[in-house]
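Can you read through this structure? Questions will come right after.
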Amino acid sequence: MVRAFIYDKGSGLKETENTDEMIEVFAEQRKIMWVDIDRPSDEEARILDDGFHFHPLAVEDCLHDLQRPKLDNYEGYFFAVMHAVVAADKRVRVRAGEFDMFASQRYVVTFHKDELKFVNATMDVYRKNPALFEKGTDFIVYNLMDALVDEYFPLLDDIDERLNRIEGRIFKKPDQSVLNDLFKLRRGITRIRRMISPQRDIVNLMLRHDFEYMSDESRAYFMDVYDHLMRLFDMADLYHDMISTSMDAYLSSVSNSMNSVMKVLTVITTIMMPLSVITGIYGMNFEYMPELKWRYGYLWAWGLMAASVAAMVIYIRRKHWL
Amino acid sequence: MVRAFIYDKGSGLKETENTDEMIEVFAEQRKIMWVDIDRPSDEEARILDDGFHFHPLAVEDCLHDLQRPKLDNYEGYFFAVMHAVVAADKRVRVRAGEFDMFASQRYVVTFHKDELKFVNATMDVYRKNPALFEKGTDFIVYNLMDALVDEYFPLLDDIDERLNRIEGRIFKKPDQSVLNDLFKLRRGITRIRRMISPQRDIVNLMLRHDFEYMSDESRAYFMDVYDHLMRLFDMADLYHDMISTSMDAYLSSVSNSMNSVMKVLTVITTIMMPLSVITGIYGMNFEYMPELKWRYGYLWAWGLMAASVAAMVIYIRRKHWL
Amino acid sequence: MVRAFIYDKGSGLKETENTDEMIEVFAEQRKIMWVDIDRPSDEEARILDDGFHFHPLAVEDCLHDLQRPKLDNYEGYFFAVMHAVVAADKRVRVRAGEFDMFASQRYVVTFHKDELKFVNATMDVYRKNPALFEKGTDFIVYNLMDALVDEYFPLLDDIDERLNRIEGRIFKKPDQSVLNDLFKLRRGITRIRRMISPQRDIVNLMLRHDFEYMSDESRAYFMDVYDHLMRLFDMADLYHDMISTSMDAYLSSVSNSMNSVMKVLTVITTIMMPLSVITGIYGMNFEYMPELKWRYGYLWAWGLMAASVAAMVIYIRRKHWL
Amino acid sequence: MVRAFIYDKGSGLKETENTDEMIEVFAEQRKIMWVDIDRPSDEEARILDDGFHFHPLAVEDCLHDLQRPKLDNYEGYFFAVMHAVVAADKRVRVRAGEFDMFASQRYVVTFHKDELKFVNATMDVYRKNPALFEKGTDFIVYNLMDALVDEYFPLLDDIDERLNRIEGRIFKKPDQSVLNDLFKLRRGITRIRRMISPQRDIVNLMLRHDFEYMSDESRAYFMDVYDHLMRLFDMADLYHDMISTSMDAYLSSVSNSMNSVMKVLTVITTIMMPLSVITGIYGMNFEYMPELKWRYGYLWAWGLMAASVAAMVIYIRRKHWL
Amino acid sequence: MVRAFIYDKGSGLKETENTDEMIEVFAEQRKIMWVDIDRPSDEEARILDDGFHFHPLAVEDCLHDLQRPKLDNYEGYFFAVMHAVVAADKRVRVRAGEFDMFASQRYVVTFHKDELKFVNATMDVYRKNPALFEKGTDFIVYNLMDALVDEYFPLLDDIDERLNRIEGRIFKKPDQSVLNDLFKLRRGITRIRRMISPQRDIVNLMLRHDFEYMSDESRAYFMDVYDHLMRLFDMADLYHDMISTSMDAYLSSVSNSMNSVMKVLTVITTIMMPLSVITGIYGMNFEYMPELKWRYGYLWAWGLMAASVAAMVIYIRRKHWL
């Protein structure tokens, strides 16, 4: 689907799906226009080339899947690739969707192969308040990027919550499943950090004073987007650290538990084995075994056993095992 | 609560809670004024917007919870977000409180949603010695930041003390609880480092020669705040290292202990099991077992057992297990 | 083999293997020429020296095996060393082949000791569409580098696929062979990262505005090669992280498994050993053992055994081992 | 104690403890003076303030304990904080002492709360050869810093020696005490690195061409101090690496030893347990056990046992455990 | 030994050991001279001071042992310290020898306390082809550095070979000695990296355009030395990574082996212990034990044992231990 908002101070906002009209407005460069190319057919996508004559490399980036986020300057416009959150399933596997923007002082062309809610929401804002177009195309770009970035926060809040639940489980009943959950969270966080990091670079490039498409007034707004990205990055870093700490805590608790299990095993064996040998000796069937006939033989055996237990308990005490 | 100090060389210091007067003084820009907005109601907070007309993004940062520490330049004033220590419980969980400052050459506006003792203390200093206002608004900012930063030191001293106690326990009676305490300390330190790090960047930005709100005389004072932040960071780093070393020490002592437990188990088993088998053999009930009837059968069995023990002890000695 | 494309707007494309002609065209500097020196004999290689008089150090780099990728500026031309993928066996052992380029505004000389498919492919492109020579020698260099870089992608896709298969095995039936496969993948990834990293630096140097052999129009194309290299690097990084995570997951699952095995051993031993001792006691052959003659002796022994089992089970339950 | 050297080309060197005279010479700025304030009383320390009127922040840094090493520029003089080695006990716990310097073209004021031998040694050098004062105050500063830095070398040589002794012990008779010694060394090295690192930054700042108190001739000398600091840092780094390697070597040897102990335990158990069961079977007291009455029963039991041992030995051999 | 080459276009090359002549030529600054001071006596070394009047700090660096590699600029000449490979024993313990150079446009003075083959080899090159002196002193410096750097390659090739042999042993018969060899290699590599790293910095400084002793023509040659150092560094890095991977592989194989040993132990114990208890029960000597008299008692006992084994085997199967 290809939709456009065409705005002109005199005639106000006009919404159209007529691509010929868009191409014409694009050529004239007199009105402000925002074209959104949403999950286009192959034919609809051709407008980038044939209608707007964008650079073939930029068009290629749009059509190919999941480019790296970046900012390219072409003559008369810039081209930005961003990654939007499309969906996140239970295993914290974020699915990223590419969101491409071409923008000059007069137009913004957005291109995306996934349905992106934040684009529709931003369109509604402009539909309800067309005067916003007076603030320039950079303000449209700001609104889109701000909305795109804001969709990362619920993801990180979700990770925070999961992490808290897992931490509780480590100290109560640790088992392999806790660790598996931590590994999954670690992977999710790694992916999110990799998505955020280049987008921060993009906003940073836009904030440089040699970026010509940015008015001084707008710069403060992009600075705010930058703040949000920094905070996302900080959060991701913090959760990454917390996951590492939780893993170390889990593994050391396993190691401790094994140590104490081994001690019990050793204590039991150390005490019982000599008893086994003593009873074994007096269970032998030799004809000539003086102790067997002795009046106090049985008591003697009990004495031996008691002495052996006592010796072993003293030994173990000295080793501080129990 | 909204309070203001209004100072003028001629008429001296005046303290007021009348917001209309503040707005008027703010507009005139002739007297020096410090407005402190302390845990404001929604209505009181509106003075940022309606009274002082600060940039909506800065006002939004004030009203939203726990922004990242940062320094923004707006036309005619700067806006700084700092993190103050509000409280630290027994688990070394620091609670941070946002502390926001707007400042120009003529005014300082501070905004915080938590009760912050260091703000009241700084107000007292100025109340007692109004001549300090002659030193300019940058000196007010310095006093606030210096006091804010100084509150981090007791936190780190507390961690130092805990760490020393834990180190003693590792070498005496190590158990899982030592490790849990170390994990908690590690988390606390991580959080503090993350709080200090961006504040250091802020002071660094203020020290740059293109920061217009700083007199040359004040620069030495902010340099001093910077020193304190560097020292905090050094301390946090050092404690982080010490915690890692302590953890490694603990885990290696667990591993060593397990190794020596295993050796004892193996030694006991190695010596006792062959004895068990020997006594088992002569405990069998076959009718035709020549040794049983033999005069020296019992002695022979003892001889076998002694030989077996001797062989095993020699073997173990060679392995250096005991 | 030494082949050359000689292009001139008037006379069109001419393909030749006559080295004298190449040297002549090289000296005149009027036509555009691309010389490809493919697996040359020692004699053929001498054209670099005797025919084109390139700097002896650059010629030495060509003749020696596997230089580091780099970009050197000489007077009137630049010299670039790249690493192409020649082959990758089952153990993900990439074999790199050196690919050397000398280029000025009028000529490109490529040199390689391995058969490189992407060079032939690029030659075909130019053979079919000689007008491409009008775009300049930098566009030839771009086409070669783009094709060279594109050959890394299948390598990384292969690693991705292997990694997915391994991850499945970790959770199903983990054994040493999983780990060995992970170690092999890690090595492969390490090697690829080391190959990509300096090539990224080369393209970066070419993109700098003081690199004289690059037209503004071509810069966008080299930017695209740079994007691909960045993406390769990101992928390699991501797979490296994923391998580390998988290794940690495997090792922790081994550790967990050992822990649970140890618990079973300890439980069995703890329950059975006291029974062994009890039966041993009543298996002794003393003449005077009152219990043996007692009417309920056998029942008493069973009672003792039941009590012992019960006590041990309670103990184990308290330890949460089962 | 407050001592001063006052030097003048005409009248030569004069040594005094009269503070009034120092203050007078300080005010005149015509003679070269070096004031050393050595473990001062509170009253003696007041000369910094009342006599020389140094900036209150610098004076505060002198009076407070253990500032971070740093270099501050004030109007007309610079202020440097260095850390000198005061003492190092057997646990390689270095005690650092603060050493403060104020210096301009005409004077050097040194301040320290610990007795520092290198200061006295440097004073002796100047006392014996007063002509050195002709070389300027920067040469005094150089001599002090050079002597201060040289005191770190014996510390690192001591660590080197300890490390060598420990490495010998790891391969001979490794036990927990080796590891504890390594942990102590690691802590000592960490502390020294943290002391050296900021001092290197200070010398680096002094070497910058905008540092006005440095003559071109002196720069080579400070470069030499810088070399020494770099070498100290290299040594500390190397020892840190060596300690890590030694720790890893120790831990892996523990792990190996445990593995071989476990194998012996398993071998013994695997061979002996079936024998125990066989003897147990023929030790049962059933009235109807045909084997017991059989002529070759006892031989049969021995045969069974031999077969069991043989089977187990073959099994173990296949596992390569012995 | 002090030797010199004195070259003059008119009179050609003259070789001398007469130090007075060297000092004279040094003073005149008209001929090109290379003085090599090879394992000098204390008296011979004095020529640096008394004959050539080099800066005392540089002379001190020559006389003291094993300075850090560095490049110092003095008035009229530069001074470089390099580290040459003197010897490498079987434990890959590289012995470094200091190699010092003083050079201006007219002279090169080299100083070394070890016999260095590459110096003699370079002297031979110049002896055979005196016209090389026309290329200037920087070309002498290049030839020395190139030869010095080339001696590192056999060291790294040796490490490569050892590493390949060790990797084979890990998968065949891993034991503690493999690990010890890896630790030794790791130490050797660490030492080599530390030697190469500052030398790379030196060449980098020489390549800077403000280094006055370098002609444009020579720059390409030093660039080549830089390439070699970069390649050495890359190789050292790669081997370091490979050693880490091999260590991890070894340790994880130990951990795996322990796990499987433990499983066998547990399986044997789990199956055999209940049998021991059963035979123990029927080995008791109570007078009233109904089973003993029972016709099918023995069969019953066998049945019990078979059932116990079956139960245990099923249990173990479910745990996937065998």
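Going in written order, the chains are labelled A, B, C, D and E, and every chain counts its residues from 1.
In this section, a contact is a pair of C-beta atoms (placed from the backbone, for glycine too) under 8 Å apart; a residue touches a chain by one contact, two chains touch by 3 or more.
Nothing here was measured: the structure is a model prediction, and the numbers come from that model.
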Each chain counted as touching chain B and chain D at once
none
Could the interface between the copies chain D and chain E be described as same, meaning over half of its residue numbers are common to both, or is it different?
different
To lay chain B over its twin chain E by CA atoms, how big a turn is needed, in degrees to the nearest 5?
145
Can you compute the centre-to-centre distance for chain C and chain E, using the mean CA position of each chain? Integer Å is fine.
25
Centroid spacing, where centroids are CA-atom means, of chain B and chain C in whole angstrom:
40
Chain E residues counted as touching two or more neighbouring chains
255, 258, 262, 265, 269, 273, 276, 280, 283-285, 289
What pattern do the touching chains form: line, ring, star, complete or other?
ring
In ring order, starting from chain A and passing to chain C next, we get A, C, E, D, B
List of chain A residues in touch with chain C within their complex:
55, 57, 60-61, 67-68, 70, 72, 74, 173, 175-176, 179-180, 183, 186-187, 190, 194, 247, 250-251, 254-255, 257-258, 261-262, 264-265, 268-269, 272-273, 275-276, 278-280, 282-285, 289, 291-298, 301
Note: in the complex, chain A contacts chain B through residues 171, 220-221, 223-224, 227, 230-231, 234, 237-238, 241-242, 245, 248-249, 252-253, 255-256, 258-259, 262-263, 265-266, 269-270, 273-274, 276-277, 280-281, 283-290, 319-321
